[in-house]
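The two complexes that follow have chain A in common; it is paired with chain B in the first and with chain C in the second.
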Partner chain A sequence: MSAATPAQATSQGNRLLGTARRMLGTQEGLLLVLLVALFLGVGLYNNQFLAWNNVSDLFNVNAYIAVAAIGMSMVIITGNIDISVGAAIGVLVTLSGYVALGLADAGLPPILVNVAAWVVPVLGGMLIGAINGFFVAYLKIPAIVVTLGMFSILKGGLILVAGGNTLYNLPEGYSIAMEDFLGIPVPVWVMIVLTGVAFLWMRYSRTGRSQYAVGGNAEAARLSGLDTRRILMTTFILSGLFAGIASVMYATQYQTIQAVVTPGLELQVITASVVGGVSILGGVGTVIGSTLAAILIRFIGSALVFVNISPFWVKAILGILILVTVLSDVVRRRRQERQ
Partner chain B sequence: MTTANPAQSHSSEPSRLQRILLRQETILFVILVIGVLLLSMQSDKFLTIENLLNQGRLAAEIALIALPMTLIIITGGIDLSVGSIMGLVAIMLGVAWFNWGLPLELAIVVALLIGTACGLFNGLFITRVGLPPLITTLATLALFRGLAEGIAQARSVRGYPEWFYILGQKNFLGDLTSIPNQLLIVVLSIIAIGAALAWTPFGRSLYAIGNNETGARFSGLPVQRNKLIIYTLSGFMSGLAAWVYVSRVSTTRSDMGNGIELTAITAVVVGGTSIFGGSGTIVGTVLGLALIQLMKNGLALSGAKGDSTTIVVGVILIGAVLLNQFIQNPPARLKRLLPGQQ
Partner chain C sequence: MTALLELEGISKQFPGVRALEDVSFSVAAGEIHALVGENGAGKSTLIKVISGVHKPDTGTIRIEGQEVTFDSPHSAQAAGMATMYQELSLYPELSVAENIFMGHAPRREVGRIGVVDWGTMNERAREILASLNIHDMDVQRKVGTLNVGNRQRVEIAKALSINARVLIMDEPTAALTESDVERLFGIVRLLKERGVAVIYISHRLQEVFELADRVTVLRDGHFVGSKPVAEVSEGELIRMMVGRTITELFPKLPSEVRGDVLEVRNLTRKPTTRDVSFTVRGGEIVGMAGLVGSGRSETAQLVFGILAPDSGEILIEGQRVDIRSPGQAMKLGIAYVPEDRGTQGLVREMRIRENISMAILGSLTRLGVVDKSAERRVGADMIGQLNIIATSGEQTVNKLSGGNQQKVVVGKWLASKPKLLIVDEPTRGVDVGAKAEIHRLMSELAQQGLGILMISSELPEVLGMSDRILVMRQGRLVAEFSRAEADQHNVGSAMMSDQVVVADTPAATPVAGGAA
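Now for the complex of A and B:
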């Protein structure tokens, strides 16, 4: 008995080490470790970083990016891309504001007004996604071309209709993203729940799993009896759905709405997906990764302020982060191939 | 079988004339002419030499970037970082002159070298490490813009000497002609890059890389070297565009060139270059660019609101690709009706 104990201890230690190594071997694990290290490191340097207000901010500010990145991750996993998501969010945010103001003017009860202003942009997002999906899946136009065209059309359309207006006097109770539930901001709840649901759906549902198959090898997926066109269509509609939800989260976080397309928003969303470990070549990645990455991006932006580095450097650090992520992925894959 | 009926083989292949007529460039040219005629009826100011040359001045930076972008897309790659390189080069031009106290001539050289180095950086990651171009240049899009913003700290540099504005704001030979100076640089670049693409082994190898990179490597083409060259060229041309831009607008800011990559890619794809690589021409890109710029300008002169004209750009983009695909691969029902196709 006494002789076996050290051996047992080592085997247990090995198992722990193995688990740790396997965790670090996944992008999600690596991101989690980075988040914790950054949290503790910056927190030790400056206690203010750990103040509840700031911690809640760390998870809240990029929640809408994380939600949009769920849809983007699905699109990238099928081997496509969606450049139009930033312009779509700009249009849908404005749409939400117009619906709220218009229906409130018409004298509808506030609860109906607000629900309509939250639901219409989501439906609008699904419509935009369906149009993108139709061109990609059925007319066989490359996604980058279709969504680049959609980006131009939506951006121009918003200028034509709303021309940079600011919408204010939004109805009572409209700004749901400013509310808390059990002490945690609503957008954080939405982010956590949607990430969980999407993760399980992609892992266990037939269509969800098919997304990986289509991204891994579209021709093989088609030959093995998958309806790739329907899967692509579904993916783009879902991407629009998440863009719509992200728009509502964005629209309802302040008392006013700016009718503009935020420049580079699509790249923030794509960055979250890519840093989250979703391979641009398709077939690989999870939405847990993209959500963790969206949070990490906010962590870095906030941490800079607390360690007295000018926030103007945040994009440079983001660029290095993407390069390091992709490089580590290359190294990881080469090591796996060697084994 | 070997003694094929000449008439039959003739009818199954489109004639030379048909092939020329069905080229993307020809179709683009026809659309361009129709569009210009329609728009000239809307506004007297549109179809004047003065306006057209001025549009050339405004489109010069995008043109300089779209030319190397054509080469890159032909190889099946992409460069998203061009706008950020523009921003970084613009800032470094200002910093080297204003903060470091270099003579402005030397500052321009330093700035152009930095642009070239940025392109080389992209190229090395793509060729040596083997990262996908989309990811590499997405990362450097953030990195270069971040460096520009970090160095600039939201300050702008103004007050350049008078001679610096000649390139961006004056005409060729003083006022003897009404040709904008930067348009000459654009024309020279079009000729140089167009000739290199069409008539040199280097240019032809880009098509081979875009069609089948592995095949190109096995047939002994210097694939990695040529890819490195085009990404470096893209960095240099983005730097050139930054110089022209700063000279035109008289100031240096870190947000310069923001989003220009999407406009340049749009022009290239409208011009008939396949986003999958393997086909495309410089003539097509120039026509695509002219179409986009003139449609935007013509619509603005006819009373369209500001940037709302990008709607037309989006429609042209998707329309051009749909049309191209339709011509390359018409639906079976129509095929039978078209002469010379079976």
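Now for the complex of A and C:
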């Protein structure tokens, strides 16, 4: 009974092939294949690429981008956008540093100081998200305008208050992102866990479901009795939450903190979401996609170095990826509409 | 009269719909030719054929006897066809003159570069307006600051600036005040004297009689007849428009009528709903007939909490209620299947199951998590009950046919177990088979005690399905018929005209305020 007939084997093979094809049909599957191909391809060309140091770095460097992109993906899935995320991270990183230094000066025990310095920016992120969400959901102002305004306020405010200061002498144990757990850097753990939680949230929670519905067809969602305003508000607060966590990951990865807004950081986050298959038209995509895309972006950057191509190509390659992804999304929708 | 524009044997098919079949039509220079028919009769498709938007599948178009083909709106325009659509196609931020000469502004050379000759453009805009007896318009004013009547005059001037020989006007008076209508008529008559052929589409039959020389009736994409206006009566015209046979319908089953589910008293939201009062009882299908824009959908949306009323009362099972949102209306047991399933009913990227559960998501949720097995059960129930043709509840909705998509919307609302089901154009754009199924379903639901308010622009559907028929016209409830007394002519007349009583029908029961 153990020997499978050729027919059975073929049918099993077909099923496997079908599953593979379905996976490849999704953006997530495609990204996974790209990641593996890049990993093996570049590894064969230059096996330094496969050194543990480098592999760990491949997943670690962009982990905070991936976490911020979780929030961004939710915002884009509801049919909105958040331009302020880059400036928010800049402000929250600095805030974290000031809280740590201030409370340490006040003589609080280090563990309390560090927890406060990790939690306050997360709350601050949620507050920024709540303000964005209020303007978008209740005052019905387009998200691109609201968050562009927020971007300017935060960026300008940071320059006025902290003006490019460098914060150092951070308390012992503050730089948690430099730690490992079971041999894997903490930021990678955070990225994996949050991606998983957010994926389950989007898939199984009532609010997550409603986020897709609002992005897919806000009018139909409203007529079905969903409170679209509350859903948008929640989405922006969540986006702020993830920006806050990303800020802590960023702030705690070095011994010092620069009080600046990294130029173009919001574009990196949006790129991860879009390349991850989150439709810029709303209603479609997963946070697994955006996390894989964030990792892929780092892979490409690193791979170019290992095959001796100027890393300045990264931006051009990302641009092509964005255009290809958006184009295929638009083409797919048009084809469906024609049916 | 010799024809300036002649269409012969025009057919046009869209996926699933035969929009025009063997339609012939002609209009002479200096003639005002009215084109009438119910919604969906094919008027819009016909004018789109004339204006080059749609290419007919078969048939010929001739201008002064010469056969022509229009590949694009541009080639139709070049041949002198000008179209004024219902939604005016003007640029609000540009001036009157710029709008009139959009795309063909007079130019002059500065050195070797062509630039817009603003002086000439404004001058010629003024001339064109003056030729229409419009002397009170500043050609440099932004169009966005003009009222609807003036915008329409700009639209006419724009048509004339390209030397239109045929001017198509699609419901030009729909949004106008009475004095603007008079002025529009003056302009149309002026154009007629100048030898322009005018194709005039209107639902208002008085206008047809006041203005037109000839009238052509379309019905279900077919040519019904073309007559000089002087030789036709209003009653005859209505008969030509609605005279259809009721064959493909599933007949309404008898059901026991129970107590009032919904009572609406003096509901008002100007201008679409004025002093409307009616009841819907359990086990009853109440049809609501009327033309597009008569205020039927708006009245339904007032009941469902999408719009807020100025005044009036709504009672559910005898209790006065204050409905401020769709969510509240749902809690009171009201369900609303909207008119446009694409923009209002479905989230197309989502699965059937997820669409069906959308209105009852709250009751399927435990501690913020959707109970998927319960959700699957509801989805499977509705797929079975409504006979939705799909591989499973996991299929995304955009892969379904129109009729099955509509059933998903109906399923979403049935899942909420309503007492009152409001359906707005329940069978628009679905094929005959799905239509019969939706009718059967509504009939069964009424038998189970549900009160149904059905808005429909298809008279056979209203007549075939309703226990009682309400007719709305221009925001008012103007007539109510029992199933026995209603027929195509008296309902059709009540929809279209307050002046005519069609002789061979029993009298309608007027219910509008003041008229009783």
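As a convention for this text, the second predicted complex is superposed on the first by the 322 of 339 C-alpha atoms of A that agree within 3 Å, B and C clash if a C-alpha of one lies under 4 Å from a C-alpha of the other, contacts with A are read in each partner's own complex, and residues count from 1 in each chain.
Please note the rule applied: a residue touches a chain if its C-beta (ideal position, glycine included) is under 8 Å from a C-beta of that chain, and two chains touch if they have at least 3 such contacts.
Everything numeric in this text was worked out from a predicted model, so none of it was measured.
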{"item": "Which of chain B and chain C A:L232 touches, first, second, both or neither", "value": "neither"}
{"item": "Partner chain in contact with A:S224 - chain B first, chain C second, else both or neither", "value": "second"}
{"item": "Chain B versus chain C as contact partner of A:V186, first or second or both or neither", "value": "neither"}
{"item": "Partner chain in contact with A:G264 - chain B first, chain C second, else both or neither", "value": "first"}
{"item": "Which superposed partner A:I288 touches (first chain B, second chain C, both, neither)", "value": "neither"}
{"item": "First, second, both or neither for A:L167, with chain B first and chain C second", "value": "neither"}
{"item": "Touched chain A residues, chain B compared with chain C", "value": "B"}
{"item": "Touching partner for A:G216 - first (chain B), second (chain C), both, neither", "value": "second"}
{"item": "Footprint overlap on chain A, comparing chain B with chain C", "value": "none"}
{"item": "Residues of chain C that touch chain A when the two form their complex", "value": "304, 306, 325-327, 329-330, 336, 338, 343-350, 354, 358-359, 361-362, 365, 368-370, 372, 398-399, 412"}
{"item": "In the complex, chain B residues that touch chain A", "value": "125, 129-132, 134-136, 138-147, 149-150, 152-154, 258-259, 262, 265-266, 269, 275-276, 304-315, 317-318, 321-322, 325"}
{"item": "Contact set on chain A toward chain B in their complex", "value": "81, 83, 135, 139-142, 144-146, 148-157, 159-160, 163, 263-264, 267, 270-271, 274, 280-281, 310, 312-320, 322-323, 326-327, 330"}
{"item": "Contact footprint of chain C on chain A as seen in their complex", "value": "204-207, 209-210, 212-213, 216-217, 219-227, 283-284, 336, 339"}
